[in-house]
Amino acid sequence: MSDKHSIPGPLANEGLPLAERGLFCDAPPRQYQRANKITEAFWNWARAQSLWILGFGTGCGAIELRPLMTSRFDMYRYGIQPRPTPRQSSVFVIGGYASVKTLKRIVRSYEQMMGPKFVVALGSCTINGGMYWDSYNTIKRIDQYIPVDVYIAGCMPRPEALLAGFQELKRIIRAGRGEGQNEYARKFEWYKANQKQVIKDWNMPDYNW
Amino acid sequence: MSRAKAPYIAPAERAAPDLDSGKYLVMWQGPNHPGITGNMSLRLVIEGDSVVDCETHVGYLHRGFEKLMERRLWMQNFPLVCRIAVPEPDFNEYCYAAALEELAGIEVPDKAVWLRTLSLEMIRLASFLMWIGGQAGAFGHGTIAQWSVTMRDYVLDLFEELTGGRIYHMYIIPGGVRGDVPAGFLRRVLETMDTVRKNLDDIELVMFHNVVYKMRAQGLGYIPPDWVDQYGITGPNARAAGLPRDLRKDLGYLAYPRLSFEPIVGTVSDAFERSRLRLLEMYQSIDLIRQIVDMLPARGAFRAKLPNPLHWKIPAGETYVAAECTRGEYGFYVVSDGGDKPRRVAVRGPSYTHGVALMERLARGVNIADVAGLMVSLHTYPPEIER
Amino acid sequence: MKELITSLANRYGVRDWKDLKAGQAACFVDSGRLRDCLRWLRDEAGYAHLSFATAIDQLERGVFTLTYALRNHERGHSLLVHSEIDRTRPVVDSIHRLWAQAWTYQREMKEWYGIDFPGSPRVDEEFVLEGWQGPPMMRRDFDSLAYSDATYAERPGRASSDPAEHMKRELYPEEQA
Amino acid sequence: MKHDEFAAALAFALEREQAAVAFYADLESRAAFAAQKATLAEFRLMEEGHVALVRSLQARGEVNLSATAAVDLGLARQLAADEPPPAELDFQQILKLAIKKEERSGDLYGQLAAAALDPELREIFGRLAAEESRHRHYFEALYESEVARDN
Amino acid sequence: MNIKDFIAPFAVWKRAFEKPFTVRKPIDERPGAPRYRGFHINDAKACVGCGSCEAICMNQAIDLVPVAGLPAKEGDSGLRPRVDYGRCCWCALCVDICPSGSLGMSNEYVWVDADPEVFRYTPGVEAKPWDKSELGYRRAEGYRLLDGQRVAMPELDHQAAVQSFLELVRGYSRQQAEREADRCVACGLCVASCPAHMDIPGYIKAVRDGQLDEGLNLLYETNPFPEACGRICTHRCEAACSIGAGTGADGEPADPVAIRWLKRYIADQVELADYGRALPRAEPDSGRRVAVVGAGPGGLAAAYYLRLQGHAVTVLEKDEAGGGMLRYGIPEYRLPYPALDKDIAWIQSLGVDIRYGTAVGVDLSLADLAASHDAVYLSTGLPAPYRLDVPGDDHPRVLDGVAVLAAATRGQSLGLGKTVAVVGGGNVAMDAARTALRAGCAVDILYRRREADMPADPDEIREAKAEGARLVEKAIPLEVKAIPLEVKAIPGDPAGALVAWNEARMVQKEDGQRPVPEPIPGAVHEDRYDSIIAAIGQGPDLAFVAESDGIEIRRFKPVVASDGRTSRATIFAGGDLTNERKDAISAIADGHRAALAMDRLLRAKGN
């Protein structure tokens, strides 16, 4: 967590009323500091065993999470479960297309999630716009706005494909390649600029953690 | 009677509470909230633990369908429309196809009429099954969803077999349907119906004879009968208030006039009555599916010949085609200016009235713990509100 | 039905009645008499259910066509009431007191077409959009693709060839058009 | 095989090719228009090429031609021979002349091969016959594609 | 509230003893349904690269990309669809519309990757694990988005047709034409196959939209013989048409779009008097003079395009009317003279001067012509018939096919007798046979190879047979013999001849070459015919070109560059004389190309 008394960065919550700026932190995110190799490997193993999904159905993809959460596909046995708030979650499933209005919430939710955090993007819409490629209200590439660890092809991807995606994510985490969070910190200004380019009424904090 | 929890209040213009008074707290529910169906949010003003005022905020799922449809060829809209209401794509497909057929003067083969009816009735069942899990879950009863979502999945398996898709079936294409039933399919439909029915019996027992559910749902979100027209309420929400309005009967579209069923009507439209009525409609759907399987013609064309989809022009005209989906009146208003693309397509989703205007009204006076249950009891799907 | 057509014509100058299909008709009324006409239809003619209300941009003619779909449940009849308003001065009477959900449709039309309904609750608030700075997007002169291309980044690397052009390049490049 | 037998065989072949050159040259000199003349000249040049080929065989002292005969398209046997050639030669007739000439040469070498007692000599004539068959095939194919298109 | 409401919920517990719903290994145990719309597969060999998939795709998910090892060729653009799974919505409309039926979908649905750039591929070209998938979405039987059946062309029935020289094909009505034009997907595969590279999708669109003036204008951009070509073109475009690449809803091979009939429809619908409304007029006079030798389609096409550029054009024609083989080689029932006259009349209306009855080499020499004009175009065609080349082919009853057709054109008596043998399998043979049928003869067509090998248009063969011609396949003519006196017993019987022919079998002698008919020893037949029409091919008559004209000729063909230029800079040649195709449309294309090249030459000279 960043230090509240550090010098404000270049993006100091300008979108907020003056009175509210103090409610949020004012420094950009920092990269994760790795522990020694053995400890880190153990942690990665542990992280991979408990993927807690933020229960935020951002698009049509949410509909296939329902079967996954229930008895037929039962994702709990894989250590995957939904959580109601970003603070408790480590995996963000972007369920397809994201309208600008939702993107705003996606950004905030992503930033509020505790690290290490990972993003799984579903379907065509997150890769290159999908069937809403010419819509005025949906973005085409989610990776312009938040880093993505795994993509799952499909429209919609079936629950089985989602499970395959989570297994892949686990492999990535175990191998220590789940770098999304660090990437976000590294290219923070680039991400912010992209976000602000499409979210025209930027009225939220730049630093959400 | 315990249902007096929500006394009758005439719909009126809302008086905004004075937020500066210090009596109230503004609380957002959604879009990221487990009790919200789909992706929408409610701005609640609460006093203590009861809601004083509710404002709905929609548009998180707005993709601009109606604009996009004006940019696409008539046939190209066929894959697009089903995305408007994710849990019930087939109604979009049917309404769109039927509107085009009406405007272009195309006769749909009888076999396709039956297959469309089958498809619509199956998705009604699947959609209700998904809803009932949510309804029980909203009152803290998680078990039901474990059963019902699986039952829905069994129905989706049937769809997958018939149409090649689980969620987006893209089966009802203008002119007919895209394929005949596979060998042995009808037998599997009947088997699945038996399984679902058996589970519905269990659900009825543990949900509708459950003291917790009864106490929380009864009296919640009471809709007086005279609101039905005032708010444009349709479907089970209206039928629960005692009005026998069912477009399957009233419009007599597809093969419904040839099936035997009666609209299911309730007495007092509150959350409990509405959910009980939907349970009965699930039984009704199973019955209708069995009838359809019995009467489905074995032979015959399943699609009429259409012009080349790449330059299909539809004569100028307008039509409004509606069908009875699980939530009520689902309709497509299609206007053609004689060109190869629609001039205007407007989609009328029942959630639009139930989920926004009615929800804002009904939420007043409700305990915040019941807001989710109330919303689910209106059975709304946000994607069809904002399109 | 004849009776209805005659009284609508006499009372509100309703014209161009057209039976679209069994159980559905369309008619046209001047925008100034629209609200009264709808009220009469609701109260006196049994068209108590408002299915939806929407607008169509007739860019070429410089008007918006408003469409109100009413249904008479007793008669099993639907009526599409049309009215036209000037595209440059798109203002029309609000019907939010006639139907309790009408204000949502009006809010939608305000946001999507820029049609104003004075007095309608929250009509100036954003409806489905947020932070939108473009023109009302359902107007036909708003180009969704151009906006999307200008606003949202696309994944690069796509290119397509036209078969006829490609074959010309490959098989008879020397020939002029 | 004796050396002089080899020399005699090749001398015979040379003589035949030279006669062919002379035959085309004679026709060429009597050609009425440019098209005739150009075609006859082309065929004469081919025959001159064959003369050079035989000369090179003589110089090398061995016949290293392929022994594989070309496919028989059967035209030579079907075409009616016009002897002597008519004055107004068109392409069909020139081609036919050429086919017939190559056929006769091939037949002759074939007969010589059959008559030869020495296996090596038989081999030489066999190879010469094969060579002529390839020439024949060339003209036959030309006839098929240019003249008998519709047949 | 009763006691049941407290007890009933405990019924949940009975489920504890039931078999759980849970699928043990979801990823492995649940293949997609047999119809599942999974990832795309494409039979790259069957695909013709027409791009209908790209056109129908509402997501713009499909690009057509060149593929190594698949060169463009007639009827195949060499492009293949590349799918972007950042766009696809798995609706399978691409599968439904695919004219060749090459596209399908596997029932495979798991594709996970950390790299978003990988979700694009060319099915059938880039190997994927699901390429061999047997299951997955295919079009249902009897279901197609495109109509595989051509709008039937109204025709005279064969019984009636053979009674007269009335035009067989009636032409489309407006409604029929628009319906047929609707079948086109405007892929443009046909354009490359047309020797003249006509804008086929363009004029078909004009038919669809009812813009016939526009259509006529498009036709004349590359072809001033739309009436003629609309009837007798060899329509290689239709062989290339993607709509004909697969099977129709009935499982039968689909019909290509009737491109030729649509061309005819446009030309037929616009009256000659209205041509001026649609078509360009000639440029102001350039002061340059061009001579064209031969008023066939190629010569007149060259004349038309030269005249449009403002050059003075004189066409020299040895016959008494224009059109060349279109008039003298094609029977009236296929190309009525008024239609041909209409095409020629428009060309003449621009100021092209045609001198009939003037033979170069007889009435004036090529050298004179070249001296008095700035450029000369030779399009003399192939007027000289090749002989049968069997013993006895000089028998008086052995007639030449082209001569028979020309006699029919001129209205002369044919004197064929009652029984006719036509030797050959080309269009001339079919035309001669059908002309003989109309003269009341019984007709046998003797052909050395099989029906499938015949170079004639399949329609012609079909119609000739339908009209009553007997096709004798694999018959090698051996000899024509006079009939011995003792056989000719019946007095008044016209003098016929005996045809000796040998039954053949087809032998594949060389790989990659077509099989060769080989006589079956002993299977020799002798049949008597009143006339024998030889139609084995025609050659050029180049007697008018002297060596001093300086035109290089090889094997009876002037040597020309791709634009028709001979070795002499101001003399161009084209049409049947030089090209391999030897059909009207190729001659027209040659004429057009040469006209453009000559125009450049003349303009360069002017400066």
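By written order: A, B, C, D and E. Residues from 1 in each chain.
Heads up, the rule we're going with is that a contact is a pair of C-beta atoms (placed from the backbone, for glycine too) under 8 Å apart; a residue touches a chain by one contact, two chains touch by 3 or more.
In this text, all values refer to a predicted model and were calculated from it rather than measured experimentally.
A.B. asks: Please give the intersection of the contact partners of chain C with those of chain D.
C.D. replies: E
A.B. asks: Which chain lies the greatest distance away from chain C when centres are computed from Cα atoms alone?
C.D. replies: For chain C, the chain whose C-alpha mean is farthest off is D.
A.B. asks: Closest chain to the protein's overall Cα mean, using per-chain Cα means, please.
C.D. replies: E
A.B. asks: Among the chains, which is located farthest from chain A on the basis of C-alpha centroids?
C.D. replies: D
A.B. asks: Indicate the whole-number Å distance between the mean C-alpha point of chain A and the mean C-alpha point of chain D.
C.D. replies: Here the centre of chain D sits 84 Å away from the centre of chain A.
A.B. asks: Could you state the distance in Å from the CA-based centre of chain B to that of chain D?
C.D. replies: Chain centroid spacing, chain B to chain D, equals 89 Å.
A.B. asks: Suppose each chain is reduced to the average of its Cα coordinates; what separation in Å results between chain A and chain C?
C.D. replies: Roughly 38 Å, centre to centre.
A.B. asks: Could you tell me the distance, in whole angstrom, between the mean C-alpha positions of chain C and chain E?
C.D. replies: Distance between chain centres: 50 Å.
A.B. asks: What positions in chain C touch 2 or more of the other chains?
C.D. replies: 128-130, 137, 142, 144-145, 155
A.B. asks: Using the touch definition from the top, which residues of chain B touch two or more other chains?
C.D. replies: 59, 62, 64, 67-68, 71, 79-80, 83, 146-147, 150, 168
A.B. asks: Counting only residues that touch at least two other chains, what does the list for chain D look like?
C.D. replies: If we look for residues of chain D contacting two or more partner chains, we find none.
A.B. asks: Who touches whom among the chains?
C.D. replies: So the chains that touch one another pair up as A-B, A-C, A-E, B-C, B-E, C-E, D-E.
A.B. asks: Considering the complex alone, what residue numbers of chain B touch chain C?
C.D. replies: 11, 13-14, 58-59, 62, 64, 66-68, 70-71, 102, 227, 229-232, 234, 243, 245, 250-251, 317-320, 322, 329, 331, 333, 335, 343-344, 346, 348, 352-353, 356-358, 361, 386
A.B. asks: Could you list, by residue number, the parts of chain E that touch chain C in their complex?
C.D. replies: Against chain C, the touching part of chain E is residues 49-51, 54, 62-66, 71-73, 77-79, 84, 86, 116-117, 120, 187-189, 191-192, 197, 201, 562, 593, 596.
A.B. asks: Using the touch definition up top, name the residues of chain E that touch chain A in the complex.
C.D. replies: Where chain E meets chain A, its residues are 20-23, 26-27, 30, 39, 58-61, 84-90, 109-116, 119.
A.B. asks: Show me the residue ranges of chain E that touch chain B in the complex, using the header's touch definition.
C.D. replies: Touching chain B: residues 1, 4-6, 8-9, 11-12, 15, 21, 32-37, 52, 55-58, 89-93, 96-97, 105, 137, 140-143, 145-147, 182-186, 208 of chain E.
A.B. asks: Hey, which residues of chain A end up touching chain E in the complex?
C.D. replies: 71-74, 77, 121, 124, 126-131, 133, 141, 143, 148-155, 157-161, 163-165, 167-168, 172, 177
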